[in-house]
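The two complexes that follow have chain A in common; it is paired with chain B in the first and with chain C in the second.
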Partner chain A sequence: MREGDFLTRNIAGFTLALEHIVLTEDLSHAAGLLQGLDARVKVLTLPLFIVIVGLARDFPVLIAVFIMALALALLSKVPAAVFLKRLLIFIPIFTAVIAIPALFITPGDPLVTASGRTVITVQGARSAGLLVMRVVDSLSLGLLLIFTTPWNKLLAALRWFHLPSIVIDILGMTYRYIFLLLHTANSMFLSRQSRTVGRFTGAENRRWLGRAVATVMVKSQYLSEEVYLAMLSRGYQGEIYTLSSLALRRRDFIWIAFALAAAAFMIWSIYQ
Partner chain B sequence: MNSANNSFIYEARDLDYHYPGGIVALKQICFNIKEGELVALVGANGCGKSTLLKLLDGLLFPSSGELLAFGAKLSEKVLETGNLAAEFRRRVGLVFQDPDVQLFSPTVWDEVTFGPLQLGISRDEIVSRANESLELLNITELKERPPYLLSGGEKKKVSLACVLSMRPQVLLLDEPTTGLDPWSQGNLIDFLLQWAGKDKALVFSTQDLDVVEEVATRIIVMGAGHDIVADGRPDHFLSDSDFLLRHNLVHEHSHRHKELVHRHPHLHEHRHEH
Partner chain C sequence: MHIPDGYLSPATCGTMYVVTAPFWVIAVKRVRKILNHRTVPALALLAAFTFILMMFNVPLPGGTTGHAVGGTMVAIVLGPWAAVLSVSVVLAIQAILFGDGGLTTLGANCFNMAVVLPMVGYYIYKVISGNSEIDSKRRLVGAAVGSYFGLLAGALLTGLELGIQPLLFHAADGTPLYAPYALNIAIPVMAIGHLAIAGPVEAIVTGLVFLYLQRSHSTLLSRQAVQRSEGKLWLIWSGALVLLAFATPLGLLAAGTAWAEWGAEELQELLGYIPRGLQSMSDIWHAPLPDYTIPGTGDVAGYIISAVIGIIAVGFLLWLLGRWISRKGSVKQGSSTSGVSKA
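Moving on, here comes the complex of A and B:
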């Protein structure tokens, strides 16, 4: 591995991760359709469609959900390119794990044959297609929730649904400090790049990477101790209380009505 | 925790503090701090200023010696008891040196309301206090922003706002002007001087002797031995260049005056027109 590649790739990776966080934050505050809804309503209704996706046994409903998700993304000012790109990052992982085996192990009528043997069956291709579509739909709905809901509102909604406080607090702080630790790691790589002349071997790079990971871990441990003291200093006694600013408005009820009607129609079309 | 009969807020008697492994951070620290005092803690890096501030905030406890706050001994046991802890936390606020440590909530608004919420104050009062603190520091427009998207100076101001929303009687600041541009530094000094009052106390650590001169009514100098080497009026020590040199508070170094580069102990004396 060339030194320039190693450092440049890692720095580019950190920068991209930081850009993703900033972009998500900006999108969640855009003046779009879903951004205008109460976080609790989104936490309740978007997963409802994920359940429907799980129940669907044919393509029309799955395609309808995807078209709906894409339309919602556009109405929520999430650029289609950003939405689809983020979707494409995850799909290959799930496809490789779930759909590809289904393609080869499902018995049925031959679709692709090689040396006189059936390699892929029609039923196998259909199962794989359904699995991929389910993944695409579920991820789309999840991404919509993340893209259009500020992190603090999402946590407030989860708190409202009585998700254990400790889980929400850990989620909140993890998100907050990942950004800081990414910055730290990025600075370490930039600092090394600024002092690098010539090339290092792969083994040297791996050793340095190991030390860098250890340093970030030690820093994160120190940070966690200091953060705990800072919390104690401001009255923390084991439970975080928050000032909830969630409020249902007319548009939330209209959305709930639409979501329930769409969900009922989809369920009817699945079981008819 | 009783209100002190005398006007002492803190009484430190022979405080020692050792970090795990026996590393000495503070040695034989003795002082009293009264209401109305503006105390600057100065000393070279690593002399124990931040540790002392954490002791004054009841986050660390002395290895030996005794620290009284508002007339009561500060101990882990005292601060474990709900009401006493809440009362102490309400009266004392610490702004950490690194604002990233202090800003752990998802947004600035969550951060500013965090302290009052933990103290069980009414919702209306919390909203009013939080808005007032943000306005005081002129950062209302940052309300909905997540802390990681703030500049260094903004983070410092938010750190201060989230302590001020608890309306503390004692403000402990760890290097408050570090990393601030001259304009923000000036604003902070103005703010601190306005905030100070007869029943309040300010204890701040700093390396900046100009800030000491402008804000403090008292200076406590800590030495390399992690002990107090001087305690008194700032003007008494700040004009003693031998003392400042001896305790690494100023240094002799080369520097430029227009075309002339020369070397001498570097003291800044200001002339103001009133």
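Moving on, here comes the complex of A and C:
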């Protein structure tokens, strides 16, 4: 592998993150089922199912949640390809790699035996399966929330639930400036790449990277002062006021009824 | 080190939220006191930077690349409390927006990476750098070493949280319900990975950034505004240590001994014999508290007392080390005043 590849890799990483944010924004404004619901309702119900996934001790509930999440994604116009790609590629594969050794080393009753020795135990297989299913389920619910709720609506909902306003203000502004700093860092790497004709050693690249990181840090520090002054000049006195368009409609109540019924049934089936 | 949803039981997740919450509250209070109305824009930009910092791919020998967490770097420049908040915000955004790390595990992830990592890194940096000049090599070493051990501390905690899952939460037939590996696997795996690869990456990145700041923006490093806000930090840490000391009997739940910490009797069972060298050496030193028990007390009480004695002993040693280093530092500082004009 060429030493210069680290520039390409960084640019690819930044671009991918930008793409993901833009895609998320686009999806969250589509006219789908979950997009039409009040953000507060989603902030309550979808994490509720994540907790149920955590409580579940067997496969039926986990499979039911997965089917529900998939159906909701389709009804919310989240393209199946996008959803499944996010869902099944990155984190679950990582989890599967972690889970595979559990098949072989968890002590218990034999499931697969080879030449008289227990290779895979029932307990090992169940444990690995539970872990992967739980991760897939939780991730799909988390993705549904962010794919169908614009960031500012999400924060407005959290504000309604009395999360401290300082936390919400910081979350809101951070999101905005992540975008800007991603662009800044991306431009730095692009310009470096366009100026590079020869090859640099790993040590030279690392030194350059150290300077690049420090430069972004210094820029962000100056910027924070300028942003503060800009806020002051617009009358900022420590409170940020936002327009919030949260309103419960009939479909919200229908969804709440459905979600609570489903959740109650799942909890009953876990503890029966 | 981001623990996704599903790896930890709901009980562990809840506990970790409760453990982390006081640090968030204190951090908000302290940072607000110093920055006042600047708090929101300053922390937002800092968090945005931290997010980018975690995304940088660092070229490693052999053509691969790795990532740094950067919590120690942020703590050194803006103080440990600002680091607690900015790294927490980043972890929340990563979990919500990118599905990187879970929502239920956010408390645990924040404790490992946003509280323990920057705090450990920052205080090691402080102890090593003592009263030395801003542009001194000692500070550079302090930043690198601090970030290395900060990351390691975070990784070990992650291993601990994952490792207690199969002990505490399993079905009747022994099936682990959450993360499947016990402490004797989880902790060595986390430790080795971070000792060998992630730790050095963290140290290299922190060192390089610190070096550049020393040369070009030393005012950023000498700015004391937020750093002075440490306050009664020792009080909180003592509280946390006391809690941990009371949690040590949890170890009794583990069936085996820590990996590679077998005593002679256990080796006898494992190997069928005691290596002769070990047999002759194991009689040289008799611990004052053998097997962490105090003669005349029960198992649990003995564990707690042993933990308290251990903490006091380690604390005393660290205090001695700090005194020794700072005395050495003040001598050196006297002789290197000529360096000030250069700076």
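Here is the rule we use: the second predicted complex is superposed on the first by the 241 of 272 C-alpha atoms of A that agree within 3 Å, B and C clash if a C-alpha of one lies under 4 Å from a C-alpha of the other, contacts with A are read in each partner's own complex, and residues count from 1 in each chain.
Throughout what follows, a contact is a pair of C-beta atoms (placed from the backbone, for glycine too) under 8 Å apart; a residue touches a chain by one contact, two chains touch by 3 or more.
Predicted, not measured: the structure shown is a model, and the values here were computed from it.
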{"item": "Partner chain(s) touched by A:V227 [first = chain B, second = chain C, both, neither]", "value": "both"}
{"item": "First, second, both or neither for A:Y241, with chain B first and chain C second", "value": "first"}
{"item": "Partner chain in contact with A:R251 - chain B first, chain C second, else both or neither", "value": "neither"}
{"item": "Chain A: partner with more touched residues, chain B or chain C", "value": "C"}
{"item": "Contacts of A:R199 with chain B and chain C, given as first, second, both or neither", "value": "neither"}
{"item": "First, second, both or neither for A:G142, with chain B first and chain C second", "value": "second"}
{"item": "Which of chain B and chain C A:E25 touches, first, second, both or neither", "value": "first"}
{"item": "Touching partner for A:L155 - first (chain B), second (chain C), both, neither", "value": "first"}
{"item": "Which superposed partner A:Y175 touches (first chain B, second chain C, both, neither)", "value": "both"}
{"item": "Residues on chain A lying within both footprints (that of chain B and that of chain C)", "value": "21, 151, 172-173, 175-177, 180, 223, 227, 231-232, 236-237, 240"}
{"item": "Touch list for chain B against partner chain A, complex", "value": "54, 57, 59, 82, 85-86, 89-90, 93-94, 96, 98, 100-107, 109-110, 113-115, 117-119, 123, 126-127, 144, 146-149, 162-163, 166"}
{"item": "List of chain C residues in touch with chain A within their complex", "value": "4-7, 9-10, 13, 28, 32, 36-49, 51-53, 55-61, 63-65, 73, 77, 85, 89-90, 92-93, 95-100, 102-104, 171, 173-181, 185, 204-205, 207-209, 211-213, 216-217, 220"}
{"item": "Chain A residues within the chain B interface of the complex", "value": "21-22, 25, 29, 150-152, 155, 172-173, 175-177, 179-180, 223, 226-227, 229-237, 240-243"}
{"item": "In the complex, chain A residues that touch chain C", "value": "1-3, 5-6, 9-10, 13-14, 17, 20-21, 24, 47, 50-51, 53-55, 57, 86, 90-91, 95, 99, 101-102, 105-109, 122-124, 126-128, 130-131, 133-135, 137-139, 142-143, 145-146, 151, 154, 164, 166-167, 169-178, 180-182, 185, 202, 205-207, 209-218, 220-221, 223-224, 227-228, 231-232, 236-238, 240"}
